[in-house]
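We just call them A, B and C in the order they show up, numbering each chain from 1.
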Amino acid sequence: MPPFHRRFLTQPPLLSLYAQLVRYGFRKHATYWGAAAAGAFTNTVFGVLRAYVLIALWRARPGLGGYDITDAVTFCFLTQAYIGPMQVFGGGLEVAQRIRTGDIALDLVRPAPLLLWSLAQDLGRAGYLFLARSLPPTVAGALLLGIVLPGDAAVWAAFAASFALGIVISFGWRYIVAMATCWLRDDRGLTVVSLVLTTFFSGLTLPLVIFPEPLGTIAGALPWAAMVQVPADVYLGKADVPGALAFQAMWAAVLLSLGALLTRAARRKVVIDGG
Amino acid sequence: MIDADRIGRSFRIRGATVHAVRDLSFHVAAGEFVGCLGPNGAGKSTTIKMLTGILAPTSGRVAVAGLDPTRRRTAVAREIGVVFGQRTTLWWDLPLRDSFELVRLLYKVDRARFRERLGELTERLRLGEFLATPVRQLSLGQRMRGDIAAALLHDPSLLVLDEPTIGLDVVSKAEVRAFLRDLNTERGTTVLLTTHDVGDVERLCRRVILIDHGRLAFDGTVDELRATVPGETSIEDVVAHLYLNSSALRTRPPRPGEDSPTATA
Amino acid sequence: MRVYLLLIWTWTRAAARYPTSFALMTVAGTVTAGLEVAAIWIVFSNTTTLGGFDVSEVMFLYGTAGLPFSVADLLFSNTDRISQHIKAGTFDAMLVRPVGTFVQIAADRFTPHRAGRVLQAAIVLGVALARLDVPASRAWMIPVMVACGIVIFTSIWALGGALQFLLTDAPEVTNAFTYGGGTLTQYPLTVYGADLVRGVTYVLPLAFVNWQPGLYVLGRADPMGLPYALRFLSPAAAAALAVVAAFAWRAGVRRYRSTGS
């Protein structure tokens, strides 16, 4: 047997390729630790400011939306903790830059699908930013104002799954936004639209549970809720766990499929039609 | 025009002190054309930065046009024009013409004088065809001509250029050289340039300063430079010889009467 | 100042050459700012008072914070790009120009598309004033507080820029103070903890943007019981902070020129 085939059989190259990409994404972001520390600091400051506004609101309306004050404070710091790993303000993908420079043509002819390639790198990035930008504001919030700490291991497990799905959904959305730049001359407008949708309808600005009806129900059914609001509710024990995870999985599947379709269309446009 | 009196510049890099320039003294009179040579990392750029007010020397004194560039930064800036070959001082996104307009505002050049000067520079440097082009779309040669024009709009008495011919093709190089020579002879502008290109030195400079390991290794005319290495006739070979033997130069104390490269240091 | 105005005018003309892009960014900026108003609307769809203030009063505070903040943001927030200039080497180019570095950085790549935010804040303030019926004997304070607010926020941007000379690799830290300050002042300070309020009264004088003078305009007693005279001290606080910011900026530039980073 030629050595190539033996290697192919003993070591599944695909899996190791993606594991390698995850590692690469992690390491690449680990070199910018100063920026991550600065981000964590800023997330903490904004967490404290927003938490106080929520405290004032819940003082005036105890039990609003099914949360008590500690739930509201916890919600606030959790959402600040999502900003780094889920890149709530947009961006974080190399794809967008490579489309702008035209290097995307090289990526599209690689045998590995671009979507999975980018996802693997993004998961590495999210892993690093979870450590560098999610833990500090959460710990600071717990020390300064006090947050809910679930005692049940099952809640932690459900939260871990929900958080991971949230990252995949955020990737799916950002990938679609980045891919759309293939067809747009000026992508800044789309970037801002995405920013508005993501910050407002995810629950980052205010918890969706206090949105007036029917805005609350509509926002709750959209993919952005699956990024921020749903994992927070799972953490707080306010969600029906199987239903919440199924809702997130559905949006993850929809966004990734859409991303794959866009990749195919982009390949046709860039590789076959020559840009 | 330039008075450098035992200037030195050290940096703290990871706890260790690195002397980029030390005990460097030289004087440039008005109207001179001086080339500054030296191997990579010799301290040429650090010296230029100290002369232009970007870096403060850690020892010694500098005066440019009679002023201290560290304390009187803006006053010195009005007297000098600066060109960095490695990076532009123009604005990437703006057409060249708009960059010039910003320079006009920064140096408070009045409109009539600006128009006259820009017309002159446009003709001499052949800027006309790309005045409306954003700087990022210019070729290196065009960008360099644009940068030189921008540095001269306020009619400075001293022009300092850090590697102005780097990366240019032979035609662009010749154009830049011809322009600088005319600037010096016709307008009397003092020019100090650093370079790795001995062609610049041979064709332009009446005087050469050689910096090595942060110290002055030679200061004299081009002919004197050639004479330092007996038997070599091309400047290129002389300079290569000096760079290769630079450590010997540095450690050997100059003996009185000897035709040593360090004799003037 | 004259140089600054001429410079931003030149950049504005440059931006006007791409009208669609410009319009798009203006609209986008206004919409983003509109979300903050939407957030206030959602809060008040759930309650009638927040921190002891009703919706008109909160809108008044939002407007008197948002107006100076957005003016300072429009005119001087480019100073938070200083670390980019340092890394790209363009700061060296600024040092060989005969104009102050603060003016050069503030004017660099100026675009007026943030003006939409100024308008939006002015509208909120106008609506609040129409609902509040402030007597003319106290309304004189409003232009004073807006002017002082512009000075205070500009000084914070300058301080943030000065900080970036030290923290060149972590410029995002300054956002906590600049945008954080803008966010903090949008709501009545009664919602924040007492320590935080003392901090923004006596250390980083954000309370003098709209809180202390705002209490005067609204004719309200200080819920924190701080001295009455504080509500007239905005000009003094603004002047003091501006002096500190000017020194910090100079120290930052001096550090750059002596370390050569």
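Just so we're on the same page, contacts are C-beta pairs under 8 Å (C-beta built on N, C-alpha and C of every residue); 3 or more make two chains touch, one makes a residue touch a chain.
As the structure is a computational prediction, the values presented were derived from the model and not from experiment.
Participant: Measuring between mean CA coordinates, which chain is farthest from subunit B?
Facilitator: The chain lying farthest from subunit B is A.
Participant: If you average the C-alpha positions per chain, which one ends up nearest the average over all of them?
Facilitator: Chain closest to the assembly's C-alpha mean: C.
Participant: Roughly how far is subunit A from subunit B, going centre to centre by Cα mean, in whole Å?
Facilitator: From the centre of subunit A to the centre of subunit B is 51 Å.
Participant: Between subunit B and subunit C, tell me the centre distance in angstrom, where each centre is the average of that chain's C-alpha atoms.
Facilitator: One centre to the other, that is 42 Å.
Participant: Rounded to a whole Å, what is the gap between the Cα centroids of subunit A and subunit C?
Facilitator: Result: the chain centres lie 30 Å from each other.
Participant: Which residues of subunit C touch subunit B in their complex?
Facilitator: Residues in contact with subunit B: 3, 6-7, 10, 13-14, 89-90, 92-93, 95-100, 104, 108-109, 254, 257-260.
Participant: Write out the stretch or stretches of subunit C touching subunit A in their complex.
Facilitator: 20-21, 24-25, 28-29, 31-32, 35, 38-39, 42-43, 45-51, 167, 169-173, 175-176, 180, 183-184, 187, 190-193, 196
Participant: Once bound in the complex, which stretches of subunit A touch subunit C?
Facilitator: Interface residues on the subunit A side: 32, 34-35, 37-39, 41-42, 45-46, 48-50, 52-53, 55-57, 60-61, 64, 186, 188-189, 192-193, 195-196, 199-200, 205-206, 210-212.
Participant: Hey, which residues of subunit B end up touching subunit C in the complex?
Facilitator: 9, 11, 46, 49, 52-56, 58, 70, 73-75, 77-78, 80, 82, 84, 87-89, 91, 93-94, 98, 101-102, 105-108
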